[in-house]
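Order as written gives the chain letters A, B and C; numbering starts at 1 within each chain.
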Amino acid sequence: MSLAQLLNVGWSGIWLGTLYGAIGVGLVLSFRSARLVNLSLGPVLVFGGMLAAWVQTHGGTTAGGVLAASAAGAALSLAQETAMLRRLRGASGSMLLLATLSASIIVAGLIVIFFGRDPVTGEGLVGGSLSLGGWSASWDSIVFVAVVVGASTLLWAFAEASPYGKAVSASGHDPAAAAMLGIDVRLLRSLVMGLIGGLVGLAGGLFLPLAVLDFSIGLRLTLFGFVAGAVFGYESLPGALLGGWLFGLLDAFGTAYVSSVFSEAVAFGALLVLIVAGRRLLLFESILRWT
Amino acid sequence: MKRGTRLWAFLVAIVSLWLFVACGGSEEATPSPSASPTSGQQALRPLQIGHIVDQTGALAPLGASYLRGVELATEIWNADATRRKVTVRVCDSQSTGEGALACYRQLEGWADAIVGPNLFVGLASVRGVASGKPPVVISTVPFVEPPANSYIFQTIPNVEDAVAVVFQYFQRKGIRRVATLTSNDQPGNLAKDAASKLAGNYNIQLVRSEVFDPQAQNVAPQAQNIAAAQPEAVFVWTAGAQLITVLRAIHGANITVPVMLNYASMNLPLLRQAGNDVPPELLFFATDVFDPSSVAANRQAYKDRIETFNRQYQAKYGAVPDLLAYATADILFIVAQAGANVDSPAVLKQALESGAEFQGVLFEGYSFSREQHVARVKPGFSFLRWNPSSATWSLAR
Amino acid sequence: MKGLYSTSVAAVSVRARLMAPLFYRALPWALVSALWLGLALWSVNAGSFGLHLGAIIAVYALAVVGVDLVAGRAGMLHVGYGVFFGIGAYTLGLAAQHWTVPTLPLVLVATVIAAVVAWALGSLLAPLGGYLFALATLSTSAIFESLLRNLPGFGGTSGLGGISRDMVGTGALDGRAVFFLLLGLAAVVVALYSNLRRSRLGRAIEAMRLTPNVAQASGVDIAALRSQLFVLSGAIGGLSGALFALTVQYVSPDLFGVLASINFLVMNVVGGQGVAWGGLPGALLVRALPQAVQELRDYQLLVLGLVTALVVLAFRRGIAGSMEQLWDRLRDRIMPVVQAGAAATALTATDDDAAALSPASSGRRNGGDEAALRVEGLTVRFGGLVALDEVSLQVRSGQVVALIGPNGSGKTTLVNAIAGTVRPTSGRIWLDDEELTGMTPVERASKGIARTFQLVSLCQTLSALENVMLGAHAFAKAGIAQGLLPFLARREEEALQRSALEVMEALGIAHLAASRPSELSSGQARLVEVARCLMSRAKVILLDEPAAGLHAGERANLAQVIHRLARSGRGVLLIEHDMGFVMGLADSVVVLCDGRLLAQGSPREVRQDRRVIEAYLGEVVQL
């Protein structure tokens, strides 16, 4: 295989990995703010994407569809926070996980009711592709990666550098103490959930032209997002993106060069080896410290 | 939540749980005799047909098509008052073999015949229990090889026959170097195996064989590998939503040689959505039902059947039917025709095996025999070319 | 000490609550049995589908016990249970393709294979923490599913059928027989599992999950225990998977992959983690509910999600867990005090057994000159920070040594180093003639080092008595088998209970034996901790700020207790800030400052030492 083809394989791993990373970023942020791993992010992303498709087929613009997707994502996350998660303060970690799982089923159910069971894809903001030598990438995939990285960077800046971000960390770490310091924990958590939902919905809207979405793939996407986030320990936002890329590349190159039949086994196997061995080498801890 | 409210919610939740379970578990219908014991005229109750279909889970999008076919066919059939009515009961197999088995158990006491399971996972699970006893099970799964004299029937020709037809076409066109890209599921793997087995018979060299996971969102690595092998044609086997992903990947790898797809991929809504992001020459091996204009003049009745069905489908669902819908619709028609005068599933089985020809939409005629439970269909496969700009198929000669 | 408690009235009411009359203990069991019986009766009228569904629910109720062992009890997020379930099922599936043999031996073989795989995986994965463990088990599920789908001979996505129901060669079982068999098996497994909580391992597991440092200090080998549980969980997974294959007579990969593992976790959480019969409501919700909402077509998923959400909101501890909690509250309100006589006859262990476990036998009475604990040249560095610098001290048996110093001077680090949770950069530690340097905390605990922690850490889900009994963990022998079948270790359990009550009696807290830690005051909790230390045959006890948070009366009581500890022949090393407390109690005082030994001697000498006054005391303390 030529270099160009190799790059093409690599690029496919990158944009798919960006999808996982987007969800991973959402998961890390939700963990940071509420000690919660939110399993409904995958279906929310799919809902966003399918809404964008619906907008397109009902006379709206592509950009309008993407914005609608982001708004819908924010709304769904906020609804989840106020209707369910808020009432579960103090519940065990597994219960919270189960709550978000039930939320993911609800969102999938909403997808079926609003958009039906048929799979959809759609138009991107920019058509066509960029070609350099033999390497080509669709513009939509470039836009997708760029926007998600950009939005994640903004969120990272918010979470690390801004006073709000520190307040978020504090409220996740010790909500009682944070409240005593005058932080409105409730409001902050709602804000964060809204941001996460917005990011994930946005990713869904932009991912639409790259893939085919239907109501049943949501949970699977969340799982991959979980993989992306957990590789670097759920502490690091850039780590989630990196984790996503790592996994996406492992999958793409594994499929191309090792075995397309056992591609999942290869990707997860490599990951497993990394986890078990990496622990010994403190690999992840040091990268974590760097980010 | 306050203590009192929580207790209340607790009670409500318990009660509703029990109600759900109680209502769910008691779906036990006792089989009723087919004929009512009135003196003189035998008044036949409606023919009871069960439908096992995946409405939830990973295979649900395909299940939706299967369901539409059966629903519409039921309506069309029952519209004619001179015919014995059919009643259909649907059971969700949840995209798992276990679910299909559970559905079979739920329906076996009630149904005279069962449509489905129509996906390999379901049928494999049911096969063991269903072979030797009623009700009749008819499926579109193209590989099960139902044992002769069993209660299982199959309406679509086998995968191997299909692959042979495709290779014949390639040979006619002088194509020698072929790459395959097949889904990593039962039909896809069967197609891949059939391809390696039959390639030699048709002077074909398989330069690359790639598989992809049915749930994959990225098939670019495989497409790149195929492009690197420089084939003269690509043979693809897929079904459902994967179609678009595959076509995009092939297009993205700059593959310009003819790409031949299987009949289950003839999904108009999906192809429309793929738009122009498809390889320049996209062929399907299917039946001429997808290009009614090409149906020969001496088959006017068949042409009318196709057009009527398409019109009604369009009116009811706002879309043109895909192969899956045609396939299950035809099963319903076959069973309804065979069951016109039967009073037990065993007799229904005999009626199917009698060698009589049953009319359908996808294929004009289906017939079975005691030894052959895979339908002999009239006529066989044709080749169609997809035109993205007009979103139609035309016969490729 | 011996024999005291058999007449004390306080101890009598303890026993009343602990060894509740048969009625109160049996009632929850009667209810659960009624549930099981109800299912059995229902099956009589149920048709083939009903029996099928019922059998599947029974299998899952059994399977969830395996999940609960790791996810519920050990507290590890286990997303790989589908693997073991699948190993069990596919063993039968594969065998069915090649041989016609009765399936009972196959079921046993499947269980063993699953246990072996669990042992191998467990040794790799169990040391991982938190989300990495979840990720690793998730990966194994994904790999397993991929292998099942693609390895030749495994039937691919279609799976394998034709599994026979002929268990012992006498012919295939029909649907009803299978249902009753599975119902019975599930009932047995659940009953055995419910015994675990009250056993030695059960206590160790609770402590491991909630207060791991206390568990470690009491001699619980956490890594080994986790592996043990993982193996047992795997075995149960294999067993239930094989039984599942028997029921459905068909296996396919989608039933054993990632989503399946998640389903098991959901069943466990919904049913109630830590509750033996939680699998039943969990399985009902996850398997039967989707069946029930089929008619709803497009609204299916939405309703499913809403019902699950409702269950989560209403049942914080899971369905079974919330019910048990409710039952506990009811029982607490109506529990009466029982006659002393009736309760006393309940114990059958003799005084000799109690003596064997009594801590008194290990302490030396004379308080000789030899040092029980000797620390030499201990240095501890954390990165660039030197926490301890060449510290040496001695604690003789029968002696109380106080360790004082400003905050950050390294007192707790020193105690940690002695207990083994911190590895020193250099230096050596001896206990009697044995060198402790290099031993793990668990090994040191069994040699005779016991400790308390700065923050009172009692395991919240254990009663005060059970917390005390935990201290003797290293000296009892009951393992998993005894945990599941309590009659095997009844004498040991009762002896343990007796000596724990004795110890608590000696400390004046026997009347609190059945209390939950949340009901105790700080002072009482502290005493429970001390009692726990005593149970471990400790030669040297390390107390980290034991008087913190106690009011005057409790302090005085504690001081008396510590005095008595020393008199019984033990050495006590005591970290404290309260000078008054220390001065009256300690035989010797060691002062640390910035990790270095500043002064050492009798309380009077130290009090008047200028360096100490400057660094720490600030002014002369008048006695």
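Note that in this section a residue touches a chain if its C-beta (ideal position, glycine included) is under 8 Å from a C-beta of that chain, and two chains touch if they have at least 3 such contacts.
Treat the numbers as computed from the prediction; the structure is a model and nothing was measured.
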Chain nearest the overall C-alpha centroid of the shown protein atoms: A
Between A-C and A-B, the pair joined by more C-beta contacts: A-C
Geometric centre distance via CA averages, chain C-chain B, whole Å: 54
Inter-centroid spacing, chain C versus chain A (mean Cα positions, whole Å): 36
Where chain A touches two or more other chains at once, by residue number: 87, 215, 261, 263-264
Sequence positions of chain B contacting 2 or more other chains: 1, 55-56, 58, 184
Residues of chain C whose C-beta touches two or more other chains: 150, 300-301, 313
Residues of chain C defined as touching chain B within the complex: 46-50, 52-53, 56, 149-150, 155-159, 161-162, 248-250, 252, 254-255, 281, 284-285, 288-294, 297, 300-301, 307, 310-311, 313-315, 319, 322
Chain B-facing residues of chain A, complex: 1-2, 5, 8-9, 11-13, 16, 19, 87, 116-123, 129, 136, 138, 210-212, 214-217, 220, 248, 251-253, 255-256, 260-261, 263-264
Chain C contact footprint on chain A (complex, rising order): 37, 84, 87-88, 91-95, 97-99, 101-110, 112-113, 215, 219, 223, 226-227, 230-231, 233-234, 261-265, 268-269, 271-272, 275-276, 279
Chain B residues touching chain C - in the complex, by the definition given at the top: 1, 6, 9-10, 12-14, 16-17, 20-21, 23-28, 55-56, 58, 91-92, 94-98, 101-102, 105-106, 108-109, 120-121, 124-125, 127-129, 184-186, 189
Chain B residues within the chain A interface of the complex: 1, 55-58, 60-61, 63-64, 184, 210-213, 215-218, 220-222, 224-225, 227-228, 240-242, 244-245, 252-254, 269-270, 273-275
